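The structure appears right after this line, and notes come after that.
Going by the order they are written in, the chains are A, B, C, D, E and F; count residues from 1 in each one.
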């Protein structure tokens, strides 16, 4: 996409220079392009240029039936496809007035929490890689692989899973599902300790992240940040608690929050979240109710006219679906409220006055996925 | 005495010729470069670069270079001292202390002035 | 009033231990009752109506979610009031719906959330094709990119926006894709050339 | 035959032969250092590393070299062609040539001059030019920024490095590289034990000088893409790459020569440990034996033919080497080279290990560490070392004791400086 | 053995080249480089004489000259940087103000 | 001619040619590269004159330090403007003339001193071991200049930093 540069090379001060970071940059996590105005290596201001991955998903939604559209949401945040699917299916269910049966909700919760762990693992690996620690990424992928194997066994796909269907599940859990999940859970906490051993107390890691990219709670709220970014700033808010969905109201878990809103806090928050997810999965796996796995909603979905907004706590923040129905088989309007997009907006504010190296750290700590930013 | 240096020169020449010869040799082996599309554009993360890259970068780099030159010269004075240290003894130590002391004063001044701060 | 805020869900069935009902074949539950929007009248709406009388239009509860229609004339005041007085300090989402053929063609949708009350509120602002809408960037920083996206996709112009440019599409793009009269089936080679300025590879 | 021997006896011809031996060995070591790094990192990171080319990927460096030779040669638009071409050559020159002054064994070095260490510093300081010219010639933002960073980093830590070297020279009293090793033989102790702080400074500065993690900012791929050689591809890139690894070997060699006794075996003055000089023979012999044992247990069959052949050849080579090493002059050279390389590899392993373990410093933190901690500490260390030596001469104190006292005082200063930093 | 005056001749030639550079070039940076040439020419003389008389005093002088050269380069280029930031030029003939 | 004589003449020619290129190149970076070449040749000439310590110092300080400083400055200032402008100033003919006069003077002096210059030079080993002799001379005969050098460096450091830091 040949976007013409919009900020012309204005007359710069003696030490100012414009540096273009992305879209082909090793650490902008995809095709993000950040235009940095630098004073030496210090960032004066920045501008995000996005849209390189824009595929018009919302427009596509208007020309597909509800069921046909479900695989598309997997491709927005492609590292947390299960979560996307959960949000979409629940939104449509709400639009229909239907509700998935308990067993489906339990399985959904387990898979979504596993997906959250997988997403955070990917984040941790790449974030550490951005800050120059190259080993955690391999450890993280080792555990992520286990999760993806469970997904693969469950629905045949690893990345863009399309695991859930509107109204519940398509597949019953496979034989040994519970054992696989338990086996994963058994090792997982010690593995998280392993990552933390490499990073949490590491002087260089602390120097690189503490006090970097500070976002105050007020700013975070004003800028609409959600998910770990918001919680890292000390706002104890989690949609799983605020508006419980799936089966989250049945489980005990803590909402980790940070204190200073810096990169280190967001790191700690996500590390804690992985432990909490592990806790939820352990509770859920022991109490999966039996029963049907799908609600009776009919083959042709024709939700009555009206609209619904439903959001879930995706790994990256509040993932919302706003669907307007005109009574036909296709959504009249389908809006995806992408957490990455809104969180990315905070970047400029966070990196002003920092150095180029911090830009990378801050982009990493926001945990964006460009597929979701651009949709 | 200078004949001891000839092997260094030889080594240098060989080390310098190694890239030259290999590059020339490689140019015989490899297929011709096809200059199509954007492949010869400077890397700017996938977008056409704006302005001239040989632009201006922070003056801090320059201060580092200045300080380096100064300290480089200082170490040059230290080498003969270190070699002759046994012969010079206490007197040499005092001399060097005065010498270093003056520069340490400068160093403290730099420190207070903030010239050693990067940002 | 939005009623999603029950933290203790009473109506949820208690989890039945696995295996207890294994013998019984899974029976699909009954077909759901289609939800119907119903008019909404609660304290908040009454306060709003008292303060902004005619600017507050219809208020409905659709799928248990509160929706209030606000006229663009006093839209900014309403937002300001909601943010400062009613503590809707979090702008979750800002988007639009194109009701092609309607007199006031667009609905601007604002999804508000209040941390202190844990409740959501949806504002709907009907806008004509040429009506400009005041920007809420001054109230919620979030609105910046969201309004840009709205402008990009629908062509709604936000007055007072600091930097209203296209955000997802290239600057030279023609048309606003999420409008209903934007035909996505005409993307042939000529179209690509016109819009993107590149030779299509198709 | 006599003529050939006569030709070989010419000092220049002899020197040339030595130069060629060192150059070739160095190139091989560098190539296999890359392989070793990939393997070690892979094992740190629970993966296998190169496995495809040859057994355990042993031929990978050769395959890489061939690939890089055959790659397209791209010179970016607007680049200064001559300078673009010159820069990698300078870098290679700088990091290879200094090896002509490193003593690998008592009787094996290319040359030994009076001011050897100064020349090592001088030659390796030319490398900065290659980096800065390479970054400039590319006519691109990232390389330029990378080059400036790189240069600033190199020159900053060069100051600390020079001061650390001066501490060693204070002990040795000579600038000749072989002289420094012999001084350690004479004093019966490696200088690392007399000057631990200087050794530590040298070690840290060495990591910074070679752009290794956690100081690998000049080519921090997550920020500056690839630093000063972003625009370099194909063989030109590999020249920078080679030079970088050669520089790793070089700084390790300097550190080993100055602080770890160079080619001396451990405890060089303890007579009864003299059997250690047969270490290379034992190692090669053991390797040969192992190869033969494996050879006989190896599955026979056509598909294993080449592997068996290779194993046999390796075993035969090792055994022959073990026998050849028993020839006295060769034994002296080989045992020196053996201990020297063993120590160098210890260093190199640490380099690789750090790369697998540490995150990367930020540039300002790196500079602050350099200018606020390392350089003052290095200066203070030189002063205290001098004071300690004078104490031992003038007051007749025990030399080791006074030096240890000096180191203790330096450590106090270090603690104070560290407090200042945080 | 190379006669000493050959070194002197080389030094003289280098010196002259440096002087020409200083006098004719507009770019201050190149003028500074020409100054370095001049200083080097002097150093050659000093070392050549030291060799001729078999004493290291010439070397000492040369070291001091190199020290001076380093100081000169540091300060001179510092001034140049300051000048460039104010006037955006590196041309010697545009430095015609006594104060800016 | 012996090997060492050949070395000298080759180095002299290289030094002179690259010196001429230093002052004629339009691009300051090229000038700097040629200056490096000149300095390197001069360093080798020092080596050939038994001044090994000086040769090393020349490389370390000049090439490794001062030239890096030059290159930094070239990169800090906008180069393209300088390249496009006329490289020489208006006084080039006067300057050329002055230089010729200077050269003539040098020739005259060297010619006059030819007899003296024919005196046998000292033994080759007179200045060996180089570093040790320099150390002794520097720290015994030239104490004052040595300490003054430290002051000079201090002043240079302060001056340069002040100059570059001012806004």
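Just so it is clear, contacts are C-beta pairs under 8 Å (C-beta built on N, C-alpha and C of every residue); 3 or more make two chains touch, one makes a residue touch a chain.
Note that this is a predicted model, so its numbers are computed, not measured.
Asker: So which has more C-beta pairs touching, A-D or B-D?
Answerer: Pair with more contacting C-beta pairs, B-D versus A-D: B-D.
Asker: Compute the centre of every chain as the mean of its C-alpha atoms, then state which one is farthest from the centre of chain E.
Answerer: C
Asker: Nearest whole angstrom, what separates the Cα centre of chain C from the Cα centre of chain E?
Answerer: 72
Asker: For chain D and chain E, let me know how many angstrom lie between their CA-based centres, rounded off.
Answerer: 36
Asker: Once you find the CA centre of chain A and the CA centre of chain B, what distance in Å lies between them?
Answerer: Roughly 45 Å separates the two chain centres.
Asker: Roughly how far is chain D from chain F, going centre to centre by Cα mean, in whole Å?
Answerer: 32
Asker: In chain F, which residues are in touch with two or more of the other chains?
Answerer: 4, 48, 50, 52-53, 57, 60-61, 64-66, 68-69, 72-73, 75-78, 128, 130-131, 134, 138, 149, 153, 156-157, 160-161, 164
Asker: Identify all positions of chain A at which a residue touches two or more other chains, and write them in rising order.
Answerer: 3, 14, 17, 20, 25, 41, 355
Asker: Two or more other chains in contact with one residue: find those residues in chain C.
Answerer: In chain C, no residue touches two or more other chains.
Asker: Taking the touch rule as given, give the residues of chain D at its contact with chain A in the complex, in rising order.
Answerer: Residues of chain D touching chain A: 41, 44-47, 141-142, 145, 213-214, 216-217, 220-225, 355-365.
Asker: Which positions of chain D touch chain B when the two form their complex?
Answerer: 11-12, 15-16, 18-20, 22-23, 69-79, 85, 88-89, 92-93, 96-97, 99-101, 110-114, 118-119, 123, 136, 138-145, 148, 151-152, 155-156, 158-159, 162-163, 166, 169-170, 173-175, 225, 230-231, 234-236, 239, 363-364, 367-368, 371-372, 375-376, 379, 382-383, 386-387, 389-390, 393-394
Asker: Residue numbers of chain B touching chain F in their complex, please.
Answerer: Against chain F, chain B makes touches at 1-2, 5, 9, 52, 54-57, 59, 61-63, 65-70, 72-74, 76-77, 79-81, 83-84, 87-88, 91-92, 95, 98-100, 102-103, 105-106, 109-110, 113, 115.
Asker: For the complex, give me every residue of chain B touching chain D.
Answerer: Spelled out, the residues of chain B in touch with chain D are 1, 3-8, 10-12, 14-16, 18-20, 22-23, 25-27, 29-31, 33-34, 39-45, 49, 52-55, 57, 61, 64-65, 67-68, 71-72, 75, 78-79, 82-83, 85-86, 89-90, 93, 96-97, 100, 104, 107, 111, 116-119.
Asker: Any idea which chain F residues touch chain B in the complex?
Answerer: Touch list, chain F to chain B: 4, 44, 47-48, 50, 52-53, 57, 60-61, 64-66, 68-69, 72-73, 75-80, 124-125, 128, 131-132, 134-136, 138-140, 143, 146-147, 149-151, 153-154, 156-158, 160-161, 164-165.
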